[in-house]
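In the two complexes below, chain A is the common chain; its partner is chain B in one and chain C in the other.
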Partner chain A sequence: MSTVVNIVIYGVIMGGVYGLIAMGLTLQYGVGKILNVSHGEFLMLSAMTSCTLVKAGLHPLLSFLICLPAAFIIGFIINITIYRYLRKVSKDEATFESNAMLMSFGLYFILANIGLKIWGTLSKSYQYYSYPVKILGATIAVNRLIILAIAIIFIVAFFIFLNKTRIGKSIRATSQSTTAAAMMGVKINRTMAICFGTGGLLAAAAGVLIGMALSPTAQVGLSNTVIALIVVVLGGMGSIPGAVLGGLLIGLVGQAVSFIDSSLVMVANYLMVLILLLLRPKGLLGR
Partner chain B sequence: MQKKSWLIIALAMVLLLSVFGGCAKSSEPTPGKTDAPAATEKPTGEETYPDKDPNKTTIKISAVRPMSGANVSFEYYNYGPVYKMWVDEVNAAGGIRVKEYGNRKLTIDLVTYDDTSDVGIMVDLLIKTMTEDNVDFVLSPCSTASLQAAAPIFDQYGYLMIGAEGGGTDTKPLYDEYEDIFFTTSFSVHQVPKMAEIFNELGVKKVFITYMQDAHGLEYIETTHEEFPKYGIEYVEVAAPWDFADMTPIITQAMESGADAFVAYVYPPWGASLINTGISMGYNPKAWLTGPGGSQQSFYDEAGGMAVNGLMFEGAWSVNSGPAYADFAKRIAEYYKDEPTWGPEWWGTAGYWGAMEMLQIAIEETGTLDNAVVADYLHNNVIQTSLGPMQFVNHELTVDSWAGMIGQYINGVAEVIDVGVKRTADPVYPKPDWPAA
Partner chain C sequence: MIYKFNFRKDVQYIVVAAVVIFFAFVPLFGSTYTLTLSSTIMMYIVMSLSWSMFSGPTGYISLASGAFVGLGFYASGFLSSSLPLPMLMLVGGLVSFALAAIIGAVTLRLRGVYFTIFTFCLVELVKAVMTWYEIMIVRKRGLNVRNFGTDTAFYAMLVMVAITLIVVVVIKRSRFGMALTGIGESEDAASHIGIHTTRTKVFGFAISAFLMGTVGAVRATMLHHIDPGSSFNMMFSFLPVLMCVFGGMKTFLGPIIGAAVFAILQYNLITEMPQIYMIIFGAIMILAILFMPTGIVGVYERVINRIKKGKSKKGGTDDANA
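Now for the complex of A and B:
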């Protein structure tokens, strides 16, 4: 019984974090058509920066106030410089998509090596609410519960942002049709830059959460990009609710498989994607 | 040409430079050291020696090492500090005396290349330095995979290879194929028997083991299968995840196993995450061993320092292994005093240092830079280094050449806890509780 409780609780916790990462990626792709391979590097830089700041004496929650705006600004600047230029010189949308993905590979190498130069390959970690509580017979680390609570706050806040704010409406309009949105007065370039920056911000939020409990290194970026891609494909490319659902699914399956053989988690993830692509190529909530 | 076009060209050049930067040759001085004396010195003894080349003033040595990429920490913490300090100390002492060059002292001219932690690039650079740089010796690359790839190249171009980081049961088949290769890292077959001996002495009945399903993890778990039953030690084994992941499932299973000891044959990021998760879940077995990486003082410090006092690791040597070891630790710490993130490594570095001295002594004793002759000397002699007598038997340093196999941080000091004369402190068992959060 306690094993099942463990799987469900930790599965939901990791699912919340994965959902957060995937929401950022799907936002960048859904609106800007940028399949951002460097997405996980925003998470890595944020996780390592927050750990460094906390070790220097900053409260973990305050590190959000530094890492998230920084990630947004970096993402925004990257978009208005590199990707805007790429879009301008690409002859059509398909060319832009492929060029943008290649460019993101370049960004990945640059950001990953910046991380390695700064932090090397050793883990960073700190203790924050590092003690367990018993829930239905299962031993649950309190810091994981805090992570879940914060992830839920971010996910809900993001949904409110998308649905209730003027910028959120611009983003949704742009994701449906760039041309129609532009005709309605939406500033497309600015909206795309905000989307890319917000994607970076969401990855950074996940990074701070990971730093709270998982001892990150400067090498965690790519593996999280891969997970985000799997989640996005599962949930449906461009679907924000799909990203959350996919995240939860990956989190739960990952935990369950870990109790059989931890080294098979990625196999299970890819298997799910494979089956889903055969049965429902658009993903669970894809349009 | 328009401004934007220039910008694009500049950007492309920067990208190209960053890609090919790893191939750039570097002979910059190492940190915190004085320049080498320029002149070569001839002894005033009666015996005269013919000089093969009066114009030769240096022994040219190259190294292809991971100065960027995933293995950069090995260069930073492990072999890098050793060979750099060795070169500087040799040069500060005037060089290595070589009889075939008129018994003059020749200083070392070190040339280094960055293989970017890529075995393919390492191979290319190794061939380049062996064919174009006219080097006398080539130091070893980093990692078991690199050593496996490098051994045939060293053999083909007539260079002896003294390995540093890496080696294990996977490299043993190379011994039959290549004559002049030497391995200086202790591994599973040396360490696990000592671990079993220690656990038996401490009364450990059951061990929970998690391991990487790669060459390292598999060879350690296979040796465990052979060694633990000898003492009737029961064990439960669980594979670790391939990627960075939440470790709660592993710690949950460890808690449920009721084992006395927790052993992780995993790399440092996994090891750190397991410790962190163990603390968070209140899992505190009587013994906790992690490696590779547990032997890095910086790993211990980063994992919590005194908060994880009692952590055991694969290795091992200690400042308490004798005055020579204490002196070596002091010198290497002094060498890196300006690098705040650097810390000593308690597994391989002492062996690597001994191997560098062995090479130097072999050159001086044979009086030649001929790699085959020097290798022959290394194969057939017990060599008295500053750390004690060291010897290669069947391409490996003998167990007696090392200061120990298993270590434990006791009050912040890395100690050797092998059963027997090499022990520098009694093991702390059970280890202290994690501190309250």
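Now for the complex of A and C:
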């Protein structure tokens, strides 16, 4: 019984973090048609930065205030410089999509190696509420519960942002039809830049959360990108609720499988997506 | 159809063939360093050529090269003590062919990014399976590979380059190659005129995987020891893409030039400053996509065209958009 509770709680915690990462990725793809392979590097940079800052004496929660705006600004600048130019010179949407993806590999090379250059390959960690409590017979460190709480706060806040604010409305309009939104007076370029920045911000938020308990290294970026891609495909490309649902599923399955053998998690994830794509190519909540 | 020789178009094939024949004599006078470097360059040439053979015309970006090369590595690792090198290459190629056919049959029905995502994750998947196998079943990390000698590896790579060149040229001129191009230009139109699109894509993908598997098998014999981390390396997936983008994805010479340039760069820089070198890689990739979408070969052609136009028109003014 306590094993099941353990798997469920840890699965939900990881699911929350995965959902956060995947939401950013799916936002960038759904609105800007940019499949951002360097997404995990935003997470890595923010995780390592927050660990360094906390080691230097900053409160862990305050490192959100530094990492998140920084990630947003970096994403925003990347979008208004190279991606806007690429959109201008691409002859059609399909060319833009594949070139944008290739360009994100370039970004991946740059960001990942900046991280490696600064921090090397050693892991970083700090102590923050790392004592265990018992819940329904399962032993959980308090900082994991904090991670879950913050992840939920971010997910809910993002949904409110998307559904209640004016910018959120323009984001949803752009994702439905770029041309129609432009005709209705939505500033497309600005919306896309905000989306790319917000995607980076969500990855950075997940990064700070990972830094709290999971002792990241400068190499966590790529594996998180892979997980985020799997989650996004599972939930449906471009669907935000799909990203959260997919994240939960991958988190739960990952914990359940790693209880049997942790090296088979990737195999389970891949098989799950493969089967899903055969049955329902659009993903769980895809349009 | 009788093929008519066209000097301007075909001189590139003659030059490439001459270079390949010249390389056959390099072991007579070259040092071990030269041989190892040229073997590495030739491996990347095969990888980027076979990558561009499928992804160039169809536009389906594959990132599974690392998985196929890694399978070649492990084919050598498992069998090098009992089989000769040509057999290892054949086994490596066939295993990659089979995996590509299975993955392709499932994912190539879907369009666009799904395929890229799947091939991207495939490398991590195969790596996870291999790691699991080594930890849980054999309980030994990595495998030792027999070394067949620098000369043998060099000639094996050279033969693979020749085979790959022939395959690429033959496919480009065949109905099959036209079908691939047709799929890239408009998949719906291609299927309307009777091309079995899924079968064509799967077969093209599997052939390119076969070529990558064979060079992987040769490469492993140059390394003495392999493990899942070094075999199923994401870099093997990214580098062919970068080389083709830099050289010119849809041209014949582009992948060759790109592979040669980056293999030499990598060979000289990776030990001294690995991170800086990767950052330069990334920057080159972004700049290449933004400012020379047809690659270095495309830039060259544009320059040549402009010069010719300028000469023939003698001060003509309408070459602004050449």
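Assume the second predicted complex is superposed on the first by the 287 of 287 C-alpha atoms of A that agree within 3 Å, B and C clash if a C-alpha of one lies under 4 Å from a C-alpha of the other, contacts with A are read in each partner's own complex, and residues count from 1 in each chain.
In this text, contacts are C-beta pairs under 8 Å (C-beta built on N, C-alpha and C of every residue); 3 or more make two chains touch, one makes a residue touch a chain.
Given the structure is predicted, the values throughout are model-derived calculations rather than measurements.
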Partners on chain A (chain B, chain C) - clash or fit: clash
Touched partner set for A:Arg166, first chain B, second chain C, both or neither: neither
Partner chain in contact with A:Ser223 - chain B first, chain C second, else both or neither: both
A:Gln255 touches, of chain B and chain C: first, second, both or neither? first
Partner chain in contact with A:Met266 - chain B first, chain C second, else both or neither: both
Touching partner for A:Leu274 - first (chain B), second (chain C), both, neither: second
Partner chain(s) touched by A:Asn113 [first = chain B, second = chain C, both, neither]: both
Clash-bearing segment of chain C, relative to chain B, as chosen among 3-11, 75-83 or 273-281: 273-281
Intersection of chain A interface sets (partners chain B, chain C): 106, 109-110, 113, 116-117, 223, 226, 261, 263, 265-266
Touching residues (chain side chain A, partner chain C) in the complex: 29, 35, 37, 82, 85-86, 89, 94, 97-99, 101-103, 105-110, 112-114, 116-117, 222-223, 226, 229-230, 232-233, 237, 261, 263-267, 270, 273-274, 277-278, 281
Footprint of chain A on chain C - complex, ascending: 59, 61, 106-107, 109-110, 112-114, 116-118, 120-122, 124-125, 128-129, 131-132, 135-136, 234, 238, 241-242, 245, 274-276, 278-279, 281-286, 289-290, 293
Chain A partner contacts - residues on chain B that touch it in the complex: 15, 18, 68-73, 76, 210, 213, 238-250, 252-253, 255, 268-269, 272-273, 275-277, 279-282, 296, 298-299, 302-304, 307, 341, 434, 436-437
Residue ranges of chain A touching chain B (in the complex, touch as defined): 3, 6, 10, 13-14, 106, 109-110, 113, 116-117, 120-125, 127-132, 138-144, 213-217, 219-220, 223-224, 226, 254-255, 258-259, 261-263, 265-266
